[in-house]
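Input: one structure, supplied below.
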Amino acid sequence: MLLEIRGLVSGYGRVTVLHGVDLKASAGEIVVVLGPNGAGKSTLMKTVGGHLQPTSGEVLLEGRDVTGLTAQAAAKHGIGHVPQEHNVFRELTVRDNLRVAALSHRGTDSGFETVFERFPILAQRSSQRAATLSGGERQTLAVSSALIGEPKVLLLDEPTSGLAPLFIRQMVEWVQELADSGMGVIWVIEQNPEMILAASTRAYLMHGGRVTDEFEGRELLKPGRIRELLLEERQGAVGESPTA
Amino acid sequence: MNWPQLLVTVVTLGGIFGVVTLALNLQYARGGMINFGIVAYFAIGAYVYAIVTQRGPIGLDQYRFGFDWPWWSGLILAGIAALLFAALTGWPTLRLRGEYLALTTFAFAEVLHSLLLNERRIGNGTVGLANVDRPFSDWGPIEEKYVFAAAAALLLVLTLLAFRRLLSSPYGRALDAIRDDETAALAVGKAAERLRREVFLISAIPVGVAGAVYAMYTTLAQPSLFTAEITFFVWIALVLGGERSLYGVVLGTLGLVLFEEVVRAWPFETVRSAQIAASAEHVLTGLVFIAVLRYQPFQRTVSRLRVAP
Amino acid sequence: MTAIAGQPRERRALLEAAGISKRFAGLQAVGGSEGLSFDVFAGEFVGLIGPNGAGKSTTFDLLSGVLRSDSGAVTFDGRDVTEADPHMHARYGIGRTFQTPRSFESMTVLQNVVAGATNPGERLGAAFGRKWRGGERSATDAAKRILTRVGLADRASAPVSDLSGGELRMLEVARQLIRKPTLLLLDEPTAGVHPGLQDRLAALLRDIHREGMTLLVVEHNLHFLLALADHILVLAEGELIAQGTPADIRVDPVVVSAYLGSDSAA
Amino acid sequence: MLLLQFFVTGVVTGCFLILATIGFSLTRRVEGFLNIAHAELLGVSAFTTWWLNAELGVHVIVAAVVAIAFTALVGLLIARVIYDPIRARGPAVLLITSTGVAFVLGGVIDGLIGTGIRTLQIGLAHRYEVFGIRITSHQLLMVVLAAATSVSLAVFLNRTRTGLAIRAMSANPSLAASRGVNLSATSRATWLLSSSLAGIAGVMLAVVATLTTDLAFAQILQILAVAILAGLGSLYAVIVSGLLVGIAMDVSAFWIPAGYRPLVAFAVVIVVLVFRPAGLAGTRAA
Amino acid sequence: MGTNKRKWMRLFAVLFALSLVGAACGDDDSADQQDQDAEETASQPSEDAAGTDSETADETSPPTTEAAERGEVTVGVLVPLTGELGEFGAIVADAIEFGVSEINAAGGTRCGDIRTVVADTGGDAETGIREATNMIESEGAVAILGPTSGVMVPLVDLAHREEVVIMSPYAGTITLNELGGDFVYRTVSSDLGDGAASGLWLSSRGYESVAFLIQNEESTISPAEVARDEVNAAGIKITDFIVYNPGQPSYQAELTTVLANDPDAIFLAGGQESGVTVIKEAVAGGFEGEWLFTADLAVPEIFDAVGADLINDKAFVEFADVDPSLPEFISFEERYDKAGDPFAPNSFDMVTLVALALESAGGCDGAAINGTIRGVADSDGTKVSTFAEGRDVLAAGGTINYEGASGPLVFDASGTVSGAYTIQQAINGEWVNVEFYPASTFDR
């Protein structure tokens, strides 16, 4: 198992947000985390990414304990985190954003080439400040930056919110490729889930700081299933069977 | 060391500066405004008192105005002048926040200082207004210094009581609400802007009066008295005492004044030792700040005592 | 203000948003090309839904004066409040809660509610007097009653830092209730609230609605909202894409596609 | 013509202000607080240069280099020993602590150096006249040094790995950490850098001025003025606002007595802040 | 190497003082004692003095201060030891210490040995007032000696209130011409004389234009204004009259118009720090005219700091001086190796006068000194020039007329003496006398 999260409890100061989360991802997998606002998805990502200290539980990466590492150490161990907001250095140029990501890595230029090849728009804007990019370009840059560090696990915190479908499709394709090359991806989504779910292998539904359901990705693609889940919001009743 | 004398000095100066620290506490801990130019309001009080009570210019004096009015009118006008100056400086600055407000108020204080330093027609420039009227010199049997200490202590207590009364009223609660969460306070109809402005203005009044008392005490209104050092001093006292409680603030100020006076009260009998003492005082003061800020003993004491209003 | 296209005007609207909009750093957050327009009628329970980033919270900010609209006008109770300061909105009778619950940390639960009321002693001149004490007493009594009503009576003297996320939301509602607002804007009242408390919240909202308060509620938990509201506004990318009764909205294809992605809409 | 002369003088003043402020601004930007003790670091450097040069007879350039390096180390040491442990207390406590540090540094300098007239063992400045405008070699050195320092700082921040890390950390520390940037190493580098910038300014102070123990600290007011004007962040804005303050101060002497120069500096600050509440470089949000 | 050693000793001294203060906070009495022992105190408690005291003091009120009961009379030395005038403060304090040692060696005053308490004002008025108050209230000082102009003026009120004599050997400010005379004295002439001497010199040099550069301080502005009037009266063009603030790294802005107007001479009334910078920048900026400095720059260090060749032959300095031909001065010079330092004789005279005033007074407090000081300084009695001589005459029931090392010392209504002035010229890296204006020059 590439990444294994067991009974993770975490939050901000005295406010506990995660009440014991279990989650698994193996290499080459795209794992989707779904759930309404406030379900604890971002908190989960931040805790695994090293920005929040869990109060209990553990995070294992390739069987090694990486619980409670600093963000820097987490990055070094191969956890690439793309936060939901403030995920690029706005004052830095596109190229410098990528260079920062390459700081702790050697052989950087090939990484740049790959990114620029795939996203010519970033190459075009390489000397513009990241603040001037459009939303989609910015998300692309954020994900690209995280990838420069060649992570084993990529944590994507809603990188598609507010993006045009074209961009979403591109990003899905790209992430799919990354997964095919052996990376584990945990992808938090709240809206427009269908395209992403199509590529995913597994999905977790979170509510109130807990994982309330676990699905195989395809299961969710059954007609009407997501709609049912999202519109007829479940109350997080634990007893309810996921396949009912 | 002459402890009674030391005590008198500490009470007097602690009273005067305690008032300033209290005002700062009201502005900062309650109003959320960082005033890094508090010395300006203090200076205004001192100068206005000096100008109002002194006789007209004699000899080579360069200042233009001296009204020779009684001391109490000087005291009142000092408070009013500080209020007006707060209104003047508050108007452009109060929409700024945090560091920017801090630095703009600081800039205002520097402008005032530069004006007093160079404009000899206001207060004799660098020379300042010396030998300021001291009202308590002929107060019968009690020695003047005790009257002064009592007056300073009285001013401090009055300010403390007034602030406490204000803060324990719904007005104070509204201030706390605004400080805790301005957006939420607005959503329940608290006029944050107006309250902040009012706090900025009214807290200037006791500072002006304290400035006047300081001018009486030192018998001097001179630019070199009102430098940014006063601002630093008062801020340090505020942080030392822990900004959350009025009593802590007073304690911090008294502690700091006591410390300074103990260092100063040390008699040096040779040039050499006095020279060393001057630099040692700086080093020691600095080390005490650093240590106190790191270990925060006053703050702990106060929070242990739980005397916060 | 002028009537809005397609809206029958048989009743006087309590709140009229006419062509309001807001841009942040060049990006349109609310309003689209013609601005956002809708009405809320007195006594209604209106739900405001839409996917993340649809501009719901921004709309709330515009209605409560926290943000000022770039265009158009907001009329409340016959008064143009477009340019009014946020605290004046509150005084005119528009109450609101926030997406992340806000509270006055330095105060107890009871004080938080009392602080919601406007006391004459909040004026500088009156603060030094004694006259405010009467108002203070009645506000405290009212606050206690409200705390009982929202189920926080036993936490009255606790510091707010002891409250759970759900309790904080209840406290926020309580702080508004003491003001008896004409219109109450609730921003995601169920987020972070555990199911037991959600039921109590639903009952509370139903009650205050029945007592005549007009409610406009942003909510992700559609199950919760659709059961309570009698009118739903659907927002996507800052524009009103649909409105109607909960039953209409449930089956509206436009709404479904807004939630599930543009692909399925096409 | 006289006005132009004032302008040139103003540019030179501005260049000193840039040198003195740029390190202060860098600290503010990366470390997040106003380090009042920065001004005393100028003194550390100035007096080290003086001591080596005038007392020990070391060549002035060697003395300057040693002084700058020494100042950098002192700055780093202070940061590690005093600021790092209380970082969590927030910028206000750090600011006041830095005042304490300034007191200690000032007191130690005062105790070690004492009173007296102190100047470097360097010749008198040469004078050049271009179209009737006079400029001395020391003034030129100031301009050249300010320009060279600004350019090399810009190159350093843009071209080197450490520079990039510093910029990333100042822009968004937590994201920088996520990208694998070593925050504590970067912080150390920042302290070394900003303190050596103070060192350079201190050397210039020693070259131009007659040193007294309180001269260095007297510069903090103008440093603050320039830093506020620059918007407490951008290094490029420091250059603009340094020049602006310098020119405004000196050109004002054409009309009003020179004693009012500090008043002019702060008046500029107030005017700018009233119209641009976040400084020259700031965005317009208040 | 010698100077380096001094630096390190300073560091140790700082640390030592720190530990002392630390000890003081813990246990003040014993530390107090320890401090007195540890420091090289100028005064030793003397039992004999106490004896003398009781003999002569019988017809008056008993000594009021604590110090006097211990057979000591305390005198405060309030001088700037740090800051711009630190050099002068140290000279004054040293000369006072020398005077005190002479007095105590002669057996002390009727009120006991003189004990000094030294404090640094840093040139700061507020510190001065605080320290003075402290000296009076805590240490029982009966006289405060040595404040500079800026500190002296604010002390006037304190002196009257506390009935303590305040004396300065160098506070020339004109303001004291109005305020002084009662409890407030100085053994130096007022800036009126200083400015007049400067003006006289500037007028007599045949300059056509002169620029004034004045540091923004009481002690520099007041003589400069007198000099300006004098120069104006002589019909010389004043190109600039610039008051500048010290503490700047450079004074280019102030110098710009001065250099543009290219005067024949610059009158620079500035402190050492600003003065040196101004001179260097003016010469570097192309000024080739002559200079007249005020007393602050009348020190040999100036040649090192500025570079002797810049000012050689071109610079003059004006300061209140003693007549070196006075026998009293010559005698002083023989006893005190630093007699040539500026204001050293004035300082010596000051403390000697205080001691003699105490000796001739009926009490041991400030009021006693105030009552007799004019009398011992100027009378028809026996001329004396040391404490010992004076005491002996007084003991024999005579009256004395103290003729000091700095001159005859006659206090006018404002407690000021009239003085002589010297103009020196920079020649070969030294200050050389070129003109002497005796006190009589300025009688008007």
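Order as written gives the chain letters A, B, C, D and E; numbering starts at 1 within each chain.
Here is the rule we go by: contacts are C-beta pairs under 8 Å (C-beta built on N, C-alpha and C of every residue); 3 or more make two chains touch, one makes a residue touch a chain.
Since the structure is predicted, the reported quantities are computational estimates derived from the model, not experimental observations.
What is the shortest path, in steps, from chain A to chain B when you may only step between chains that touch?
Step count on the best path from chain A to chain B: 2.
What's the minimum number of touch steps needed to get from chain C to chain D?
2
Centre to centre, using CA atoms, which chain is the farthest one from chain D?
C
Using mean CA coordinates as chain centres, what's the chain B-chain C distance in Å?
Roughly 44 Å separates the two chain centres.
Counting in whole Å, what is the centre-to-centre distance of chain A and chain C, each centre being its mean C-alpha position?
Taking the mean C-alpha position of each chain, the two centres sit 32 Å apart.
Roughly how far is chain A from chain E, going centre to centre by Cα mean, in whole Å?
That pair's centroid distance is 78 Å.
Quick check: what residues of chain A touch more than one other chain, meaning two or more?
Touching at least two other chains: none.
Quick check: what residues of chain D touch more than one other chain, meaning two or more?
Residue numbers touching two or more other chains: 107-108, 110-111, 114, 257, 259, 262.
Under the definition above, what is the set of chain E residues touching chain D in their complex?
Those in contact with chain D are residues 3-4, 7, 10-11, 13-14, 81-84, 86-87, 90, 216, 242-245, 247-250, 252-254, 256-257, 259-260, 272-277, 280-281, 283-286, 299, 301-302, 304-307, 310.
Quick check on the complex: what are the chain D residues that touch chain E?
So the residues of chain D in touch with chain E come to 2, 5-6, 9-10, 12-13, 16, 51, 55-56, 107-108, 110-119, 123-127, 129, 134, 136, 138-139, 204-205, 208-215, 218-219, 249-250, 253, 257-259, 261-262.
How about chain E: which of its residues touch chain B in the complex?
10, 13-14, 16-18, 21, 24-25, 28, 32, 35-36, 39-43, 77, 79, 81-82, 90, 93-94, 97, 115-120, 122, 124-126, 129-131, 133-134, 137-139, 150, 153-154, 156-158, 161, 174-175, 177-179, 216-218, 221-222, 225, 243, 245
Looking at the complex, which residues from chain C come into contact with chain B?
Touching chain B: residues 64-66, 85-88, 90-91, 95-98, 102-107, 111, 114-124, 126-128, 132, 135-136, 172, 175-176, 179 of chain C.
Give the list of chain D residues in touch with chain B in this complex.
34, 82, 85-86, 89, 91-93, 96-97, 99-108, 110-111, 114, 221, 224-225, 227-228, 232, 257, 259-260, 262-263, 266-267, 269-270, 273-274, 277-279, 286
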